[in-house]
Amino acid sequence: MTARPTSELQQQFYDVIFGTESPTGKWFDIALIATILSSVLIIMLDSIEGLHLAYGDLFWRLEWIFTLLFTLEYMVRVWCSPNRKAYVLSVYGVVDLIAILPTYLALLFPVASSLLIVRLLRILRIFRVLRLVSFMSEANILAGALRRSTRKIVVFFSMMMVITVIFGCLIYVVEGPANGFNNIPVSIYWAIVTITTVGYGDIVPVTALGRAISATGMLIGYAIIAVPTGIITAELASGMRGAPRSNRNCAQCARAGHELDARYCKYCGTDLPSLSKTGNN
Amino acid sequence: MTARPTSELQQQFYDVIFGTESPTGKWFDIALIATILSSVLIIMLDSIEGLHLAYGDLFWRLEWIFTLLFTLEYMVRVWCSPNRKAYVLSVYGVVDLIAILPTYLALLFPVASSLLIVRLLRILRIFRVLRLVSFMSEANILAGALRRSTRKIVVFFSMMMVITVIFGCLIYVVEGPANGFNNIPVSIYWAIVTITTVGYGDIVPVTALGRAISATGMLIGYAIIAVPTGIITAELASGMRGAPRSNRNCAQCARAGHELDARYCKYCGTDLPSLSKTGNN
Amino acid sequence: MTARPTSELQQQFYDVIFGTESPTGKWFDIALIATILSSVLIIMLDSIEGLHLAYGDLFWRLEWIFTLLFTLEYMVRVWCSPNRKAYVLSVYGVVDLIAILPTYLALLFPVASSLLIVRLLRILRIFRVLRLVSFMSEANILAGALRRSTRKIVVFFSMMMVITVIFGCLIYVVEGPANGFNNIPVSIYWAIVTITTVGYGDIVPVTALGRAISATGMLIGYAIIAVPTGIITAELASGMRGAPRSNRNCAQCARAGHELDARYCKYCGTDLPSLSKTGNN
Amino acid sequence: MTARPTSELQQQFYDVIFGTESPTGKWFDIALIATILSSVLIIMLDSIEGLHLAYGDLFWRLEWIFTLLFTLEYMVRVWCSPNRKAYVLSVYGVVDLIAILPTYLALLFPVASSLLIVRLLRILRIFRVLRLVSFMSEANILAGALRRSTRKIVVFFSMMMVITVIFGCLIYVVEGPANGFNNIPVSIYWAIVTITTVGYGDIVPVTALGRAISATGMLIGYAIIAVPTGIITAELASGMRGAPRSNRNCAQCARAGHELDARYCKYCGTDLPSLSKTGNN
């Protein structure tokens, strides 16, 4: 990403809008969070019929104020970015655009009012602000544990998928359309509702055998809820314990992953560089 | 907090009422717990219509007895505190006041009977007594783990909030008011009911797409329930593991990792330095 | 417990009935488990009206056969116990008696047929057999973790109790008897149903504020489900990690609990006996 | 398993169909997964009445195409296996056969259309492919943790069984057939639904005592959900942590705790003894 030469003013705006260190930047972030949440709140309230009838016009005007504010912000972001193309095509850039487009589109195609729901994706913009603040290191630990767990979680969900398909078919054969299990997809939906212990109760087994199968499914669900928990917990614990690992590389063999208290490379016996400053947690 | 000079009698009352070591203090604590729980029980029973009609007068008299007892206790607490202002303004002081005020207010403003519910906050007084007993060290470990997890939990709940908003909007667009998803706040309520695996079943999806979205939400909820568990578990485990190990090194063989209660080096049998002050945890 | 001199025959019966090492003792245990489960199954089937009408007489005869078998077994147990009083008054002895008494009492007082349900406590006898077999060491690890967690769990449930009382009162004030929250105990029942994520859906909030309160309660329940899990997990993990502890006692001070890699008693500095063979896990 | 001499062509087919290293083998696996999932999808869609009426014939033709494909694959697998009998009798061989038989049987016995559900067991074939790919090491960690937990889980489920039986009987006595608790098996079904926190709401207690018993059951369920989680988590964590540490001591400085892949002492740089055989866990 090659930086374009930027003027002094652009640099100042950039520090306030994209940065978080300066006091002005912090106030900007707080104002942005407040604006995003207010905007989302207005959209939600507008969906309540009573309020829509009473205050629909007011909501519509507020919506336009928010949209114009976000549009202005978007234009300033583009203007002051050192690399405009990179910003516009980044995830955050796209989310910023999605936050303002629907209101304009609703002007052109009045029928597409359900498209207005897309505006709620504005809430994703919250992450832009959170990204900047100090909660990020915590989020990184969580994200790291989730990333390292990905493969185990995939294996686990493949297993879950197979279990729910099998239970769905069993209950479909046993209970059948007469008791609300109209077809296999519905029965699998029931199996997911049951095994995840949600238990709506909109579709329930009524025969003795069906109830026995359900009970088995529940106990299995109750037991295997332990598996993802175990995976994440073990990764999180090792992630938190893992802190002592330093980022030093051996000068001889270039391998990393040495423990904090290691003074010699465990692979080739060479002296390791001393630890100057490690910012662990 | 500068202590006011107190008379011998005040000191004795203070030891009984605020303290927990003396036998009289212990009996006072037990009597206090019994009174609080009886008082709360009476309020609950009084809310049952049948019992209110039959025994309403008795309940009202008992309520006045409890209120007078708590008032007396409150006055003695104020009287014997070395620092009265600090007590009255402390959390416990405020809770003690809240426990007695509603009954008096109900005399002045008879209409405010729903205010009587506030009396149930008396149950918070239980914590005052628990604070004094030995369960406190356990509670401290729990509280410590929760405090250290706070930032991770905040990140987690921000993520949850965004997920429930997105699922709420999706289901609102897909199912709509015709199927009970009247507006976005109701749909978000449904999303929370679903993702936390509560699953009342008062609002359920009926279309195939809505059910597919629900099933996805449930599986996500099932998987991410692991995250707070992992956070707390990892913190609790590190809190419990952290304590017993001291940082002492053996003077003879220089090895560390001795347990807190060890007096001799387990590797070479030499005396270990005594534990002066270890700031663990 | 002073042992009474027992005859050869009594000793033999004792080994078969109370012991588990001999082949005959193992077969006796398996037969006992089968009898207990059959007996429990019969009681369950008899509670189904259709089966009771068709096979009630058969069930009653089978019940008497089981009762006579258990009576015989109980008498033999008493007869061959080295310390009869200790057996009769032990938990297992009482459960053994409870397993047979109801059937006889039902003869004397025919009206007390609901008392027959007590026979289902026979299922507790399963534990007697499990106690003897090798699953016991696993159960001990679980029981140990639960015992060490007791105080934390008590603190946790006190917190839960207070939370459910507060949520129950809030919802009672907000929703009221008009929406099914008839009184405070019912509202607390609802709060427990919600916070434990069971979510029957028999009582649900219908006002916007009530739903917001519910959603908050669910999220709290979802978060604090992590606390007992964390407690038990941390204890279990430390219980399993504790395995490296050997059973060696110091010859000098007789204290145990030394780590596997310890060569000197950490309390008095004496040489520890060397580890010949440790059957860990 | 003695290998039969195979021709060059058989060996090539074997590498593609059973192997996963060659590029062709990878493409075969991907095609196989796609075919299995399409086939399962068709069966599910066919169970929806509307789609069955409109596209039943198309589905039936597609089903035959899939069946013929799987038949062909099965025959090739048998043909190119070095040990045909071992393949046919292996779990995978049986599942491969079950995946194709029902369609042929439905031709012979048209009445047995519910037998067609058995075709859904095709989904088990997914595991054949997963077995070959790199997710296997993750699955092994999970399977290892589950296997080591088996005995604890058995103890736990015995405890659960006893608890659900006791709660089922209690509620049956308290609520009785008048409130939907028709017999003991149904009451036990209710107890499982409640204690696993599924909470359908099809059978709910209505008396005050019944609700108190339910609430107790829920709190117990809420607490003991921690137990399997703790078991699996502790095993997973020890599975992930346990492997890397060896029991070797440095010959120079005698310190231990070196990782499995370390060849030099990380404290003093001396060569570590090579790992001959470490029986950890």
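Read from first to last, the chains carry the letters A, B, C and D; within each, the first residue is number 1.
Simple rule for what comes next: contacts are C-beta pairs under 8 Å (C-beta built on N, C-alpha and C of every residue); 3 or more make two chains touch, one makes a residue touch a chain.
All figures in this text were calculated on a predicted structure; none of them were measured in a lab.
Note on connectivity: the fewest steps through touching chains from subunit A to subunit D is 1.
Annotation: the subunit C:subunit D pair of sequence copies touches via predominantly different residues, less than half of the used numbers being shared. Farthest from subunit D, judged by the mean position of CA atoms in each chain, is B. Remark: subunit A and subunit B have CA centroids separated by 29 Å (rounded to whole angstrom). One simple way to say how far apart two chains are is to compare their mean CA positions; for subunit B and subunit D this gives 40 Å. The multi-chain contact residues of subunit D, meaning those touching 2 or more other chains, are 185, 188, 197-201, 225, 229, 231, 233, 235, 237. Partner subunit B is touched in their complex by these residues of subunit D: 197-201, 229, 233, 255. Residue ranges on subunit C touching subunit B, taken from their complex, read 151-152, 154-156, 158, 161-162, 165-166, 169, 172-173, 177, 182-185, 188, 194, 197-201, 204, 208, 211-212, 214-215, 218-219, 221-223, 225-227, 229-231, 233-235, 237-238, 258-259, 261-271. On the subunit D side of its complex with subunit A, the touching residues are 40, 43-45, 47-49, 114, 117, 120-121, 123-124, 126-127, 130, 135, 138-139, 141-142, 145-146, 153, 157, 160, 185-186, 188-189, 192-193, 196-202, 225, 228-229, 231-233, 235-237, 240-241, 258-259, 261-271.
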